[in-house]
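These notes open a run of structures that come right after.
Each of the next two complexes has chain A plus one more chain, namely chain B in the first and chain C in the second.
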Partner chain A sequence: MTYAPRAKHESTVSRQSTRMPDHNFRYWIIAPSVFLLLLIGLFPLIYSLVVSFQQITMTDYDTSFAGLDNYLHLFEDARLWQSIAHTLVITVIALPLELLFGLAMAHLFLEKMPGRQIFISLIVLPTVISPVVAGATWRLLFDQRYGPINQVISWLAGHEVVLLWNITPHLVYPAILICEIWQWTPFMFLILLAALSNVDKSLTEAAELDGAGFWRIFFKIVLPAIWPVMAIAILIRGVDLFKIFDVIWALTSGGPGTMTETVSIYTYVQGFQQFETSYTAAIAFLIVGLMSMVVIWAIRRMGLAK
Partner chain B sequence: MALNRRLNLFGRYILACCLLVFFVFPIYWLFIISFKTPDEIFHFPPVWYPKNIQFANFSVLFKDGDAISVLNSLILAGTSTVIAMVFGTMCAYSLVRFKTGGENFAVWVISQRLMPPIAIIFPIFLLYVYLGWVDTYGGLIILYTAFNLPYVIWMMRGYIEDIPLELEESALVDGCSRWRVLWKVVFPMARTGLFATAVFTFVFAWNEFIFALVLTRTEVVTYTVQVTHYFGGQSNFWAKIAAMSALGTVPVFITVSLLQRFLVRGISMGAVKG
Partner chain C sequence: MNLVKRLGLSAVGALIAATAVSAAWAESAAERAVKEAQKYKGQTITIVWEAGLQSLDPLNFSGPLWEKLTGMKVKVIEVQTAEMFTKIMQEYRAGTGAYDALNVMPSWMPDLANAGALEPLDAYVDKYGYKDEFQKIAPIYRDNWAKANGKIYGLPDDGDVFIMYFRKDIFEDQKVKDAFKAKAGRDLTVPKTWKEFGETGAALTEILKPQNVYGAAFFRQPPYTMFMFQERFRNEGGKFFDGGSMKATINSDIGIKVLTDMRNENKFMPPGVEQWGFVENLAAFMAGQTAMTISWPPYGRWAAGYGTDDKALNWVPKSTVGGKVGYALPPGGHPELAAGFDLSIASTSKNKDAAYLFIQWLNSEDISLQRVKLPTTLRDPFRDSHYTDAGYLALWPDAKDYLKTLKDASLAGIFDLSILQTDKYEEVLRQAISKLWAGEDPKAILDGAAAEWDNITKKIGVDKQKAVYTDWASKSGAYPK
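Presenting the complex of A and B:
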């Protein structure tokens, strides 16, 4: 009983003497985050690695060691490599277009004009919509009969045009790309607009007085100045495009056939429709491995962590 | 020169209006379908604006109980945001003030954010089946919290760096414990950043689809999954798709428009400050 007040007294003393950083404190406060990050960052990796060396499917819970069978199968799996190709095609087309349109739009709205803020606020709306909703919206817009897009095309063509946007092979990619560009160009636009506004005006004005043209000023002064921000925007969008799932799920579900199946869609099909547990784990491990390397390389290269 | 500039301004307005139509018309179309009658939705040629605004499409969602999915989204996104903000801010504070883990830890944290969900969802799904966490609030809240933590840590790291060190030091000199400093000095000082980050975290969780698609069945279906339930072969429930999407999108528009000032910093992961 007599210890209690003394213990209390001691604690106030020790409390007063914590001017130096308390070394346990710094670890206590990161502990919950580290635990949760390991749950989604490390556990799936280890689990995928273990299961990918087994032969588990929905019907057969076979945990015997299968060696590299699943990984060798990755190389023979044409559908997997096609899905990677589809993903890369979407990324390689959408990313530069979003960047260029975003940059052009940022230049358009860079100078003051009445109502500028209202325009900007409205134009960025697509970026905050859920990608699933964006896909659903464009599905309604692209409808061959009741959608407004075919109607407008018919007006322009002067006769009735019926385009089956999410069925016709040569139209599905344009449909996906239009939706993707619609949703994410504002993202690029907003970030680049902020970056452009931060460019030192005295530099560009001095160059203008010296008779330098728009493009010369852009490449020599503006681009180097906005590059750090632009690089991060490209990284974020590039990674997101590689993960693309929601929009395609809503627009085409990977169809017609497997024509628009991306890596994420294919992995989903293998895991949750075909129940190829071990093989899906191998794919997941491949994706995590590839992405980790690219992402960590890019982050370090761009100095993003500093 | 003056004429030239005026024409230039005129030209810029024309371009700006074209862009406005391209970016806003799809949203207009989505919302307008939710107010149309079935006759107007399935009318050829398309009806560009409804004769009467009517809310039957929305009341059906409430009558059938589908609107509960918006409440589910609210519970999942709201709870996970609060937890992620508390844990993430603590972690960010440790990263900033004590350089815990150094740059490698920071890189690892942000690389988690960039990880494709599909690669981690499969093992997580099997784990959740084993634990009986599929289709429960708790399971999804943990996952959303974990998934949003890297973003919170990353953003709060930037905001905490902006807090002057002197305040914390004087609080320590006055005899505050480290926990008290964190709670009484750091959290209040970073409140603007906390608020902005929380809103974005909430929107990310609110808009999330793939985790919810895999891990929900009937009990905790979110509005994004509910929207896709109306897709099906030839008979798309257009009115329901539009009304449900509108229900889920309006809150996002409202919150984001209140936060214009933080929008760039929020979506660029802190690359642009201001």
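Presenting the complex of A and C:
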């Protein structure tokens, strides 16, 4: 009498344990991690959004609701739009040059040659340097008194040449671009070298046998083959260039005046020098919005979503 | 008899009391601070100090000495100058009480005091008997740097002021004097006005260029030149604002003249001077490549070779001009008390008395004298007694002239614009200087800067800013008298 019910109970337990658990159970298992990630990831974003609708400055107690004032002020703020224009100028010039130089160098190093590994390691070195250190180094290189660049130019010219690279309006952008391209071309080079190495050689060789020229092979075979990787590299560098700060801060601090002030520098100045906390949050959301649109457009346009 | 007895007892009592009081008053402010601070033995106070050389004072000298005397530990938080205001405000907003004592630039005082970040010190000054020694701080610092809204918020602790350094050997060289007279039609003298400075600098460059020596050079990077503009603008009679409407008046003819003169002066200075900062200018002067320059007091000490053998100063170029340097007030005669530091207490400190006692001790006559003589820590004389101290006067042969010039500067100096959100106004000036070096038109630059100043004032509130500006302008060192 006592045995039978026990056996029944055991068989029920056995059936339950072999059955699939409750479908919601897996969600409960991952819920704490998801909650934590959302807390870490989304809370600052939501908090910043709330702050952008207040009028918080570091020097005042007033934290009252400002409505859309900060966002409306964005449209009147000429310095902000100038800084976005400066950022775009740098991006539009630096990105294609980095891509072209990187691609050319990758082609050069595609073939086996003596010391190839050593050269590649040396070429890649600038990318591992902190951008602010790179900027400070180039500032010293461009220095009128101590920098070798002006000394070499003077030596070539046969008389003392005074070029104030971080002050003279027509020299500041070239100085920034030289530094930026020097540091990040190797990044493009490395990625494109990897992509080019994976291009099916049988296709290029067959095309060569059929009489196709270099450019034809490049555009019809090589470029389509490396495009997915190249598109990712362009996207990464494009986003990086839009956020450019350290190099310019070290070289010109956004000067002369605000001539080389990028949107990141302007945001920093507003937030940490002018202490306009709420307005800075509004700028940040404007940038997030603009960047999101550009990135989504680029992903679609480049076919990366496929 | 009883009356006589009582009178006699009263007299003895009064004598004992008088002796006790005089003994108490014979105690210096430093001794009093130490005695009181011994009650807090074992506690730690945290002080914010400018990173780098400045911090060597509390790290290597005053901090360990205070611990030895009182048993209290001092934790030094080193912060870059550009970050100090932000860190102090952030900590105040967070209210954690992480900082007890602070180094504060006087131009930040209105913002920090109005926000409530600083503890008023009047009660502590009275409680710990610091009034007399506080009064002996050179008037220019005491009357201009210590107070906001009529209350003491900081103990002026660093005699930062611009001084002109010139090469005595060049100014006394007969050949140079003759050549100068032939060119300028007058005797060679250390310039007292900016007009004379322009003439002298240009002529000396022409005369000395074959020896690779220039008439003058300054640090021209915008953060430094911003202070020099403030000084020159006011020396020439300029006012920052219209006191009634609070409209910016930096774009007056005086402002335009100052900017124009500054740019013209670069022509007789070394090529690329627009890029020069503190170190580049120091290096050129120490190497004997410039006949005149203007800078803070450490230049004078280092040019004489004082302390430059110390490991911490191994970056300072070796002086080739020791014994050849003369000291004078900059042209105009009212030098800028540029930057500077006060010692303050954070209103959120949980250890205010202990922190105050530490800063009173640092700032006291006895201890401050030792601190301003530390060769490495950049604290400059700021007390009447510092200028006349026999030990300081003997530090190098020309130290007496150096200290006399610093004392003269302490009588005639003018202090930085210190109003609400000063840094916003200063940032506009820094950009104006940067545009000037880029070749833009001085009038256009200053018209733009004035418009930006007006916008800042409008945003802060004209009446609110006017009250603070009026208070600032009423101080003895706001405008040359």
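What we mean here is this: the second predicted complex is superposed on the first by the 250 of 306 C-alpha atoms of A that agree within 3 Å, B and C clash if a C-alpha of one lies under 4 Å from a C-alpha of the other, contacts with A are read in each partner's own complex, and residues count from 1 in each chain.
We adopt the following convention: a residue touches a chain if its C-beta (ideal position, glycine included) is under 8 Å from a C-beta of that chain, and two chains touch if they have at least 3 such contacts.
Given the structure is predicted, the values throughout are model-derived calculations rather than measurements.
**Q** Once the structures are superposed on A, label A:Phe75 by its partner contacts, choosing first (chain B), second (chain C), both or neither.
**A** The answer is neither, since A:Phe75 touches no partner chain.
**Q** Which partner chains sit in contact with A:Gly255 here, chain B, chain C, both or neither? Use first/second/both/neither.
**A** So A:Gly255 only meets chain C here.
**Q** First (chain B), second (chain C), both or neither: which does A:Thr168 touch?
**A** The second partner, chain C, only.
**Q** Which partner does A:Arg145 contact after superposing on A: first (chain B), second (chain C), both, neither?
**A** Both partners, chain B and chain C.
**Q** By residue count, is chain A touched more by chain B or by chain C?
**A** Ranking chain B and chain C by residues of chain A touched puts B first.
**Q** After the superposition on A, what does A:Phe272 contact: first (chain B), second (chain C), both or neither?
**A** Both partners, chain B and chain C.
**Q** A:Leu125 contacts which: chain B (first), chain C (second), both, neither?
**A** first
**Q** Tell me which partner A:Arg26 touches in the superposition: chain B (first), chain C (second), both or neither.
**A** first
**Q** Which partner does A:Phe65 contact after superposing on A: first (chain B), second (chain C), both, neither?
**A** Neither: A:Phe65 stays clear of chain B and chain C.
**Q** Please write out, lowest number first, the residues of chain A touched by both chain B and chain C across the two complexes.
**A** Common to the two interfaces on chain A: residues 145, 272.
**Q** Name, in rising order, each residue of chain A that touches chain C in their complex.
**A** Against chain C, the touching part of chain A is residues 58-61, 143-145, 160, 162, 164, 166-169, 255-259, 269, 272-275.
**Q** Where on chain A is chain B touching in the complex?
**A** 12, 15-16, 18-19, 21-22, 25-27, 29-30, 32-34, 36-37, 39-41, 43-44, 47-48, 51, 105, 108-109, 111, 113, 117, 119, 121-134, 136-141, 145-148, 151, 182, 185-187, 190-191, 193-195, 198, 228-229, 232-233, 235-236, 239, 242-243, 245-246, 249-250, 253, 263-264, 267-268, 271-272, 277, 280-281, 284-285, 287-288, 291-292, 295-296, 299-300, 304-306
**Q** Of all residues in chain C, which touch chain A in the complex?
**A** Residue list for chain C touching chain A: 86, 89-90, 93, 111, 114-115, 222, 270-272, 274-276, 280, 420-421, 423-424, 427, 431-432, 434-435, 437-440.
**Q** List the residues on chain B that touch chain A in their complex, please.
**A** Going by the criterion above, the answer is residues 9, 12-13, 15-16, 19-20, 22-27, 29-30, 33, 41-46, 48, 87-88, 90-91, 93-95, 97-98, 100-101, 103, 106-112, 114-120, 122-127, 142-143, 145-147, 149-150, 153, 172-173, 175-179, 182, 203, 206-210, 213-214, 224, 227-228, 231, 236, 238, 241-242, 245, 248-249, 252-253, 256-257, 260, 263-264, 267-269, 271-272, 274.
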